[in-house]
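Across the two complexes that follow, chain A remains constant while its partner is chain B and subsequently chain C.
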Partner chain A sequence: MAALTAARTRRRLAPYVFVLPFVAIFAAFSVYPLFFTARLSFTSWRGSGAAEWVGWENYTYLLTSSAFWSSLANSGILWVLIIPAQLVIALLAAVLLNSARIRLRGFFRVAFIVPFVTPLVAVAQIWVVVFDTQYGAVNGALNLLGLPDIGWLTTTVWAKPTLALLFIWKTTGFIIIILLSGLQSIDGTLYEAASIDGASRRRQLTAITAPLLRRTIMFAVVLQTLAVFQMFAEPFVVTQGGPYSSTTTAGYYLYNHITRADLGTGAANSFLLVLLVMVLSLVFVRLLRAKD
Partner chain B sequence: MRHPHLNARRRTAVIGIAAATALGLAACGPEITSDEGPTTGPGSSEPPAENQLVAPDSPEGEITIWDRSGDLFEVFEAAIPAFNERYPDIVVHHEAVDIDAKLQNTLITGTEVPDGVFLDDARVAGYADFLWNLDGVLEPYLGEIAEYKVDVNSTTEGIFGVPFDSNPGLLYYNAAALEDAGVDATTIETYDDLLAAARDYADAVPGSAPIHLEQSPFLAQLQLEMFASQLGTSIADADGELRLDSPEYEQILTFLDTVQSEGLGTRAEYLDPTDIAELENGNQVFYPWAIWFDFAPQQLLPETSGDWRAMPLPAWEDGGARSGVMGGSSFVLPSESENADLAWLFYEFLMFDEAGYTSVWGPSEVYPDGLNTSIPSYAPAADPSEPLFAPVEALGGQDLWAVATEAGEQIPGTVPTPSWWAGAVEYLGNDLQRMYDDDLSPQEVLASSSEAIQTNLIDRQ
Partner chain C sequence: MTSTLAPRRRERPAVGSYLFLIVLTLAFLAPVVWALLSAFKPAPSIISAPLTFDPSTFTLANFTAMFEDVPIGRGFFNTGIVLVTKGTITLFFAPLAAYAFAKYSFVGKNLIFGAVLITLMLPTIVLIVPLLLEMKLLGWVNTYQALILPGAVDAFAIFWMRQVIAAVPDELLDAARVDGCGEFGIFTRIVLPVIRPGLAGLAVLTIMNIYNDFVWPVIVASSERMATLQVVLSTLAQNITGNRIGADYATVTGELLAASSVALVPLLVLFIALQRHFINGILAGSVKG
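Moving on, here comes the complex of A and B:
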C-alpha cells in the first residue's frame, strides 16, 4: 500500500520536476527582472544608495515629454517605411525561391540570409561610407545622372528612409525564410487543382498563396513590429539618434535614460514601451482572428 | 473521481505562491525611501562615508585593470614590465574593455569589479558614489598636478580619479597652404585675428572654408566646452548649477555663428571622409582642437602630412588664456574592488614616478617617437625643457611637446563635469547644429538649451 502511495506521489510530482528547470530560469531571468523593473519605475534611483519613491512621477514626466512622443513617432514612421515594403519584397522573393523552376535556389537562399548574419557594426560602417554626402557612392551615382547630392544621414528628411533601408536590407532575409517555410507547408495539390481550373499564376498567388500565408505573414508582422519599436543598434551605430533626434527610436530613447543612470525613468519607459508593443501585437492578432 | 473544488483550490494556491514569489523577488532591489532624498549618495541628507583609500602595507597580490582597446591599451600594456620591476609581487591582469558599455552595470551589480579603470574625465563625477576617495593618497602630488585636472576629478566630497593626461586645445593650421595664399598664421593671437586670417585665405582661395566647424553634436559640445574653459567657465558651476546662458558662451557662439554665416567654416564630422578630403585639398586650413588632432597628419593626411603646425589657441581677448581643455581621461578605483590599494600603486607608478611616466609617454613599440596625442598632467613629467616625446615629422618636425606643455600651463582652473553632461548633447549639441543651419541665433541656442537641460536633466537628478 505504501509503495503504491509513493509511486502515485512520484507520478504526481514528475511533471512539476520536469518543468522546474524552465520555471526556475524563467523566474530568475524574466519574472524577477519584470517585477524589479516595475518597482524601479516608481522610484528615482541612480544605481547606488537607497532609491527614492516618486510614485507616478516618472510616468507623468514621460507622458508629458515631447521627446518621448517624438521617439514613438520616429518608430511609427520607421514601421510605415519598413513593414509594408519588406513584406512585399520578402513575399515575392519567397515565392520565387519556392519555385522549382528557379536555378541555383540554394545559392539565392544563402545570398538572402547573408545580410542577416553579417554583424551590424560592419554593415553600418559601410552604410556610413556609401551614404556619405560628399564622397559616398550613392551620391556619386546620382551626380552621374545629373542629380544633386542628398544628405542621406545628415538631414532629417532622409535619415529615417536611409535607416529604414538598412533595416530592410539587413532583416528581409530572415522574413523570407519565415515566409518560405509557410509556403512549403501549403499543399501542392491546391495549385494543381487551380491550374486545371485555369487559374493564372497571379490568381494562384492572390487566391491560394496569400490567404494561406496570412498567419505566417501576421507572425512576421508581429515579429518585425517588436523589432522596429525596439530598434536600437542601427541608430546607435549609424546616426547616434540624429540629426536632431530624428532617428531617436523608442529603443534608443530608452537607452539614453540608462546611460544617464536615470534608472527609474528608464524602467518606466520600458514599461510604456512593453505596453505599446503588447497593444499593437493584440491588434494584429485580432485582425488575424477576425478574418478566420 | 475528480473534485472540481479541489482543483480550483490547488490553482488558487499555485497562483498565490507564484504571486508571493514574484513579490518577494521584486523586493530584492534597492532600499526605497520616501524621504526628500536618498539616504546616501548625491543629494543625501546624511554625510557620506569617507571611503578613503589607504596605500597597502604589503605590495603583493593580483589586480585587474580595465582599459579601452586601441593604442592606449598597447601603451599601458608595454608599461607593465617597468611596473613589475618596481613591484615584482603584483600581477597585473590588463583587459581591453568597452568601458562605456560595461562599467555602469558592473558597478551597480558589484560583480567582478575591476581594481582600476581608465575613464573619461567627464564621467568621473557621475560615478563618484562607487569609487574610492583618493584625497589621502593623492595628497603628496596635488601641488604638482594641473589645477583643472584635479578639479574635473573632484566633487564636494573628495577626489575620485587619478589624473592621467592633459589635453590642451591647440590651433592646428596648414602652414604650407596658408603661406601659398600669403597668410601669416603665426601672427594670430586672438579669435578676431583668426577670423581676419580666414577671410584673407577665403579671398585668396575661392571656394575654401578655412575653419573647421564640428558637425557631430557630441564633439561640437566638447569643443564648445574647450572654448568656454579658456574663458574660465563651463556648462555648470561647482554646485552643479547651470551657467550656460552667460556672456562668455554668447561670445563663443557669436564667433562660431560668424564663421558659419560668412561661409568661413567647413562643417563636417571630425575626421570623417568629407573632413579628411577638405583637409587634404586645402579648403580647410584651421582646426581649433585638442592636442590629439595630431593623429590626423600622422596617420590620415598623407597629402598634407608635414604641412601642418600647431600653436596655442587664439585668446578671446588680448592677453587672455591661450588654451582650454578638451577631453581627457583619468583612472578610477572602484570601492567594491578587492585590490584597489594595489591598483593605486600601479597608477601612482605610471603617473608620478619618472620610470612610469617615461614608459607611458616615451618611445614605445606603438609610438616609436613617444605618445604625442596628449601630455602628462603632472608638472614634473610635463617639463617643457625635458620632452618625453620627439618632434613630430608630420608637423614639419615641430616640437609639439614645447607648444603643448606651454599651452597646458595656461588652462584656467575649472569645476567637475556634471554627471548629466553627455545627456546635454541632445539639447546643446543639437541646438549648436541648428545654429549652423541658421535655424537658431546664439541667444536662442543658450535660452532653449538652458531650459531643456534644466527641465530634463538637472531637475531630474
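Moving on, here comes the complex of A and C:
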C-alpha cells in the first residue's frame, strides 16, 4: 500500500522534473529576453550606463526614417523575386517526385535537398567567387557566348536578383520536401475515382491536388516569408548590404543598429519586424482560406 | 506515411518531366561540384579557365596554403565542442520535456506549451539584441556557454517530439509501470527506444542546425579563439589578405574554395548517410495538426 502511494506520488511529480531543464533554458534565453526587448525598445540605451526612457521615440524615429522603409522595400522586392518562382519550381518538382511514373525519385529527392544541408557561409563564399564581375565563372560563360560582363554583385540592379538566386538555390529543396509531404497525405483513391470518371491529368491537378494542397502551400509561403524578411546571413557574407544599401534587407538593417550599439532602436526595429511578419502571415492565411 | 498511389493511366514517355528534373538537379548540384573541383586546381587557372577541369594539373596547394593561413582547425574544434554538448542537451532534454507534455497532466502545462507555440512563430532575430545584452551581463561574451545554452532545447524540437511521443501507446507505458518500472525508467527504457526513428530525424536536423549556425555565433563569439567553423569561413577573405601581404585574387579564391570544400564535405557525407531519416523526419513533422 505504502509502495503504491509512493509510486503514485512519483508519477504526479515526475512531469515537473522532466520539464524543468527545458523550462529553465526556455525562461532564461527566450522568455526573459523577449520581455527585455519590449522594455528596451522604449529606451535610448547604448549598452552601458543608465537607460533613459524615451517613450515611443524609437518607433517614431524608425517609422519616419527612409532607411527603415527602404530596408523593408528591399526585403519586399526580394520576396517578389523569390517566392513565386520558388513555388512554381517546387510544385512542379514535388508533383513529379510524387508520381509513380518517374524513376530514380529517391536520387532526385537527395539531389534537391543537397543545397539545403550545405553550410550557408560556404555556399555564400562560392557565390561571391562564381559571380565575381571580373573573374567569375558566370561571366566567363557569358563571354564565351559573346555576351558582355554583368556586375552581378556590384550593381544595384543585379545585386538583388543574384541574392534572390542564392536564396532560391539554397531553400527550394526544403520546400519541395514540404510540398511532397502534403501531396503524400492526399488520399490516392480520389485520383482513381477521377480517372474512372474520365478526368484528364491536368483536370485532376486543378480539381484535386491544388485545393487539397492549399494548406501545405500556405504553410510553405508563411515559412518562406518569415525567412525572407529575416534574411541576414546571405547579405552579410555576399554583399555586406551593398552596393548602395541595395541589399540591406530588413534583417540586415536590424543588425546595423547592433553594430552601432544603438540597442533601443534595434529592439524597436525587432518588434516592428515581428509585427509586419505576423500581419503578412495572417494576410496569407486569410487569402488562402477565403477560397475554401 | 501514406503510400503514393499515382493515378493509373496509359503509359506516356515523360521526356519533359525528366528534362525538368535533370536540369533542376544540375542547377542544384553545379555550384557545389564546381567548388569541390576548382579547389583542386592550381589557383591561377580557377580564374583563367573557370569552366574546365584538367586532371593532370590536380593539386593540393590550395589546401596546404589554406591550412597555413586560416585558423580552420580551431574553427572545427569549437564547432565540435558545441556540436557534442549542445547536441546532447537537445537530444536528451527535448524528448524528456516532450514526454511530460505528451503523457502527463500537470499544473501550467497548457500555459508553457502555449508559450512554446508562440516562440515558434517569432522571428529568432527578435531575441538577438536582448540575448547579447544578457550574455554581456553574465560575462559570457566569447565563451562556450554563450554558444551552447541559448536555444539548446528549442521550441521546434519540443513541438516535434511531442507529436512523436503522443503516438506511443499508453498501454505500453502502463505495462512497464505494472512491472515496477519507475517514471524515468519508462522514458529511458520504453519511450526512447520506441521513438528511435523520430529521434534520428531530430538528430540530423539538430546536427545540421548547430554545424551551420552562423548569425548567433558571429554576434556573440567572434574572437579568433572562440570562432566556430562558419565564423572562420565568413571572415576568410580578410584573413588571407591580412596574413599574406600582396596575396592576389587567385590565391585568395583558391584558399576560399579549399576552405569551403573542407566545411562542406563532413555535412554532405553525414547527410547522404542519414538522408532517409532526415527527409522522413521533415515529411512526418512538417504539416501535422
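By definition in this document, the second predicted complex is superposed on the first by the 262 of 292 C-alpha atoms of A that agree within 3 Å, B and C clash if a C-alpha of one lies under 4 Å from a C-alpha of the other, contacts with A are read in each partner's own complex, and residues count from 1 in each chain.
Everything below uses one rule, namely that contacts are C-beta pairs under 8 Å (C-beta built on N, C-alpha and C of every residue); 3 or more make two chains touch, one makes a residue touch a chain.
Computed from a prediction, not measured in an experiment: that's the story for all the values here.
When both complexes are overlaid on chain A, chain B and chain C end up clashing with each other.
When the two structures are aligned on the shared chain, A:Ala50 is found in touch with chain B, with no touch to chain C. Of the two partner chains, neither chain B nor chain C is touched by A:Phe68. In the superposition on chain A, contact is made by A:Thr118 with chain C only, not with chain B. Of the two partner chains, chain B is the only one touched by A:Asn256; chain C is not. Number of chain A residues touched is higher for C, counting chain B against chain C.
Using the contact criterion defined above for the overlaid structures, shared-chain residue A:Thr154 touches chain B, although it does not reach chain C.
When the two complexes are overlaid on their common chain A, residue A:Arg11 makes contact with chain C while staying clear of chain B.
By the touch criterion stated above, A:Phe131 is placed in contact with neither chain B nor chain C.
Judged by the touch definition given at the top, the superposed model places A:Tyr244 against chain B, while chain C stays out of reach. Within the superposed three-chain model, A:Ala267 lies in touch with chain C and out of touch with chain B [touch as defined at top].
Working note: chain C versus chain B after chain A overlay, options 95-103, 149-157 or 239-247, clashing stretch identified as 239-247.
Common to the chain B-facing and chain C-facing surfaces of chain A are residues 31-32, 36, 40, 47, 128-129, 135-136, 258. Residue ranges on chain A touching chain C, taken from their complex, read 7, 10-12, 14-16, 18-19, 21-23, 25-26, 28-34, 36-37, 40, 47, 89, 92-93, 96, 98-102, 108-115, 117-130, 135-137, 140-141, 144, 169, 172-174, 177-178, 180-185, 187-189, 191-192, 194-195, 201, 204, 215-216, 219, 226, 229-230, 232-233, 236-237, 251, 254, 257-258, 263, 266-267, 270-271, 273-274, 277-278, 281. Contacts from chain A toward chain B in the complex involve residues 27, 31-32, 35-36, 38-40, 43-53, 61, 65, 67, 128-129, 132-136, 154, 240-245, 256, 258-262, 265. Those residues of chain B whose C-beta lies close enough to touch chain A in the complex are 21-23, 25-42, 44, 100, 104, 107-108, 126, 129-130, 215-218, 272-274, 277, 419-420, 422-423, 426, 430, 433-434, 456-457, 460.
Those residues of chain C lying in contact with chain A across their complex are 1-9, 11-12, 14, 17-18, 20-21, 24-25, 27-29, 31-32, 34-35, 46-47, 50-51, 89, 93-94, 96-97, 99-101, 104-106, 109, 112, 115-116, 119, 121-134, 136, 149-153, 155, 158, 177, 182-184, 187, 208, 211-212, 214-215, 218-219, 229-230, 233-234, 236-237, 249-250, 253, 256-257, 259-261, 263-264, 267-268, 271-272, 275, 278-279, 282-284, 286-287.
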